[in-house]
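The two complexes that follow have subunit A in common; it is paired with subunit B in the first and with subunit C in the second.
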Partner chain A sequence: MTHINNLKSTYYTLKTALLTIAFSFVSVFSFANHPTHSTTIDSTLVVAEKSHNSEAKTNNPHDENHGEEKFDINKTIMEHVADAHDWHLWGHTSIHLPVILYTDKGLDIFSSGKFNHGHDVYVGKYNYKNEHEKIHAVDESGNVLENVKVLDFSITKNVATLLISVFGLILIFLTVANGYAKRGIGAPKGIQSWLEPIILFVRDDIAAPNLGKHTSKYMPYLLTVFFFIWFNNMLGLIPFFPGGANVTGNIAVTMILSVITFVLTNINAKKAYWKHIFLPHVPLWLYPLMIPVEIIGIFTKPFALMIRLFANITAGHILVLSLVCLAILFKSFAVGFATTPLIVFISAIELLVAFLQAFIFTILSALFIGMAVNIESEEAHH
Partner chain B sequence: MELVTPSIGLLFWSALAFFILLFVLGKFAWKPITQALKEREDSIDEALKSAEVARLQLESLKTDNQRLLNEARVERDKLLKEANEIKDQILAKAKSDAKSEGDKMISAAKEAIEMEKVNAMNQLKTQVANLTVDLAEKILRKKMEDRSQQEVFVNDSLKNITLN
Partner chain C sequence: MTGSIAAIGAGLAAIGAGLGIGRIGGSAMESMARQPESANKIQTTMLIAAAFVEAVALFAVVVSLLGNG
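So, the complex of A and B:
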């Protein structure tokens, strides 16, 4: 018995030791994975000392010197969640993405490096200035020209990520399709066998129960939207290049997706769907109330889709970033070690949310389309 | 607020990217994939169905076999029974035949023995008679050797014979 107990205690000691080592590795990696923050730590630490020493002299927190800005957690998080014209890699290294602007004078295409992180003015057909990732036309003295409309079609960080994910998804699924072409109805292999259950899940558990006999018609859209959202959610969770962008947490992207669902729902809707909206089964005196409610309902459903995906993914990013920023805010490695397990835990939950939100968006799209196209069979039941 | 204001550029690019993705995947990925999956499911379905049919056929074959076996068993039992009966009959007949034959033989033997006995008796009688006659002759001869005795005897005999 004592022998076994000894073994047990040895095992637990080993396990604890291993876990400690693992966590310290994770924290090291997590700092390595957030090069911005590790460098920011260094600079803030230095800045802290510097500002402490030079407080009497300068007394100016918004110094022109880049390294001497005070750490603003709100600004940092918003910068990471929002879109950007540069793709920050580490320290002072970033990829300068192309800026494409359209004004009444025509197109202007140039590198975002020309802005020098918002410090410089680029002279094109107008003079352009990048103010907090929003590009304005300015006059010679740097004042914003309010009457010039600048349409920004730049390849931003999110657009670049979108293109990467589109390329990646095409590569992955052409490989899968090639697997089917090669093996026919034989057993799947490799990535094909890994993705097949998910494709079947989308078909049998998301599309088929809602769409019934119309399933095959909407499968391409549902599969694309599911894998597009999932892939981009996952990509967003990777803290370094080529991840890190908040694509599915951007309202423009979720808006496009929900607009497609909206259009698919309403152009394929059966007569009974419109009848249900404009001639509902209620007493006539309720019509002035019901018809507006039903009409609003057409729009609230995709609107909820758009907000849900955007809010969930953005909230996840903000949560993880806040935890990461804690260590920087407290200027302490101890806090970093303490928050690292929490960051790992939240990231694991975000991994689940990434799948869940893709699933929810797809199943609700299938549900809305299904409600519009299968309404006759529903009517028959009443 | 900045975060909830969709930017025109990203709207344009994400729509473009998504439609390209939808088109390429729809044409080159989802179509062959869903078709292959459908084909595989159909083939599995068919295989299961044909297996079911085969199972049913096997079952009916089995019951047929069982029926044939049962019939054969019944036939065998019947044959065995008949054979037994025939055997019994043959045995009984053989027994009775043997018995009657034996009886016949015994009675014949008895008759023969009886006949032999009578013959032997007769022979013995003749023998005894012959011996007696011989003996009497010898005795007579002895007694009649001298004349006087012959005379005596004749006289006695004559005396005994009364001529009436």
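So, the complex of A and C:
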């Protein structure tokens, strides 16, 4: 019993301590964030402008008279938010990730460096060309073959980041689990003491109020999804190597997460949940209206989960990037100095959003699952 | 022209979401001041409600992004 009391008191003290730590991280990270952010942009800008110049020269020679090429802010931002086949580090240095393609002629595996940033055509079973990070099969003269379907299973930047984050999470949580196996439920030590309040926060403030007596059954999923989203959100905010990919701002990733919640909700749903959908407590003539609405309702909940996480993280990245691009757009140091505090401020807010979105996704998952599995006890209250 | 119209759409969505989240935040603050002992619970519910409102605004942002081409 004393163990549990100990645990609780450490939980409450650490809960307050956690906020302080979080805010100190905010300042450290955001100050670290800014200069590197702008340098990454700067260096890629050189590449972007160079390629842009060469494009302009071939496409419309009229533009040459205008001197300097106009900076395309949309293109630059989208390049940074979207997935890529190679991982840009700095200047002209990037990690060439493997490209894995499947066509009707079979598998093709090669390095993305073979594309030379979209300038070259790789000759495999087909000739492949990388056009704006979408790989097409082309013929000898470089025209896209529309009838050849290229399935892209490449280890892209996002996939590589996913692998890194999964490895990191496994490492962290195996260390924590080993700590409990060795010391039992006593005073935590090391990284354990940092994670214990967060795990307890997920259990007591997210899962328990929504799931009631089913809490322990869904805790593994909720903890996994919470830490996965949080870790990847934070990783996405780091502008240089281990971060920099926009994993949780990739709609495929958020779709899989929400599909898991959808499947869990509907597989574990009680009879009353389905009764509520197909035999609602309304007059009979309302059935043709209510049943379709309820059926659509099953799908809109996970759909909203998917869009919310995707749009929040992507919007955050776009916001920071467009503020950084302002100085480059106006080609002025004064604008750069003016936007710097703003970028720091927005980055700090993004750190809060990173946590908040993980929290929201987890609590809504718990809410939806809870609504499906606890529906009988709810009915009894009426 | 599609770009500018999409931007107007995003702006309108921002107005709606701003009003909604403002109301949620204001009411939550009021009720927290009245009943500080239930501040924790109110805060959680406030965040959930804000997330729902925000989702609608973000749908609009996504649609305007798509509309922008």
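Keep this in mind: the second predicted complex is superposed on the first by the 312 of 382 C-alpha atoms of A that agree within 3 Å, B and C clash if a C-alpha of one lies under 4 Å from a C-alpha of the other, contacts with A are read in each partner's own complex, and residues count from 1 in each chain.
Everything below uses one rule, namely that contacts are C-beta pairs under 8 Å (C-beta built on N, C-alpha and C of every residue); 3 or more make two chains touch, one makes a residue touch a chain.
Since we're looking at a predicted model, the values are computed, not measured.
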### Query
Can A:Val121 be said to touch subunit B (first), subunit C (second), both, or neither?
neither
### Query
When the two structures are overlaid on chain A, which partner does A:Ile277 contact: first (subunit B), second (subunit C), both, or neither?
neither
### Query
Thinking of the overlay built on chain A, is A:Ala252 touched by subunit B (first), by subunit C (second), by both, or by neither?
first
### Query
In the superposed arrangement, does A:Arg308 touch subunit B (first), subunit C (second), both or neither?
second
### Message
Tell me the contact category for A:Leu356 with respect to subunit B and subunit C: first, second, both or neither.
### Response
second
### Query
Is the number of subunit A residues in contact higher for subunit B or for subunit C?
B
### Task
Quick one: classify A:Ile291 as touching subunit B (first), subunit C (second), both or neither.
neither
### Message
Quick check on the superposed pair: does A:Leu364 touch subunit B, subunit C, both, or neither? Answer first, second, both or neither.
### Response
second
### Task
Determine where on subunit A the residues touched by subunit B overlap those touched by subunit C, and list them.
310
### Query
Mind pulling up the subunit A residues that touch subunit B in the complex?
78, 81-83, 100, 132, 134, 151-156, 158-159, 162-163, 166, 169-170, 173-174, 176-177, 180-181, 184-185, 196, 199-200, 203, 216, 219-221, 223-224, 228, 247, 250-253, 255-257, 260, 310, 314
### Task
Name, in rising order, each residue of subunit A that touches subunit C in their complex.
74, 205, 209, 304, 307-308, 310-312, 315, 356, 359-360, 363-364, 367
### Task
Sort out for me which residues of subunit B touch subunit A in the complex.
2-15, 17-18, 20-22, 24-26, 28-37, 39-40, 43
## Note on the structure
Per the touch rule above, subunit C residues touching subunit A in the complex are 40, 44, 47-48, 51-52, 54-55, 58-59, 61-62, 68
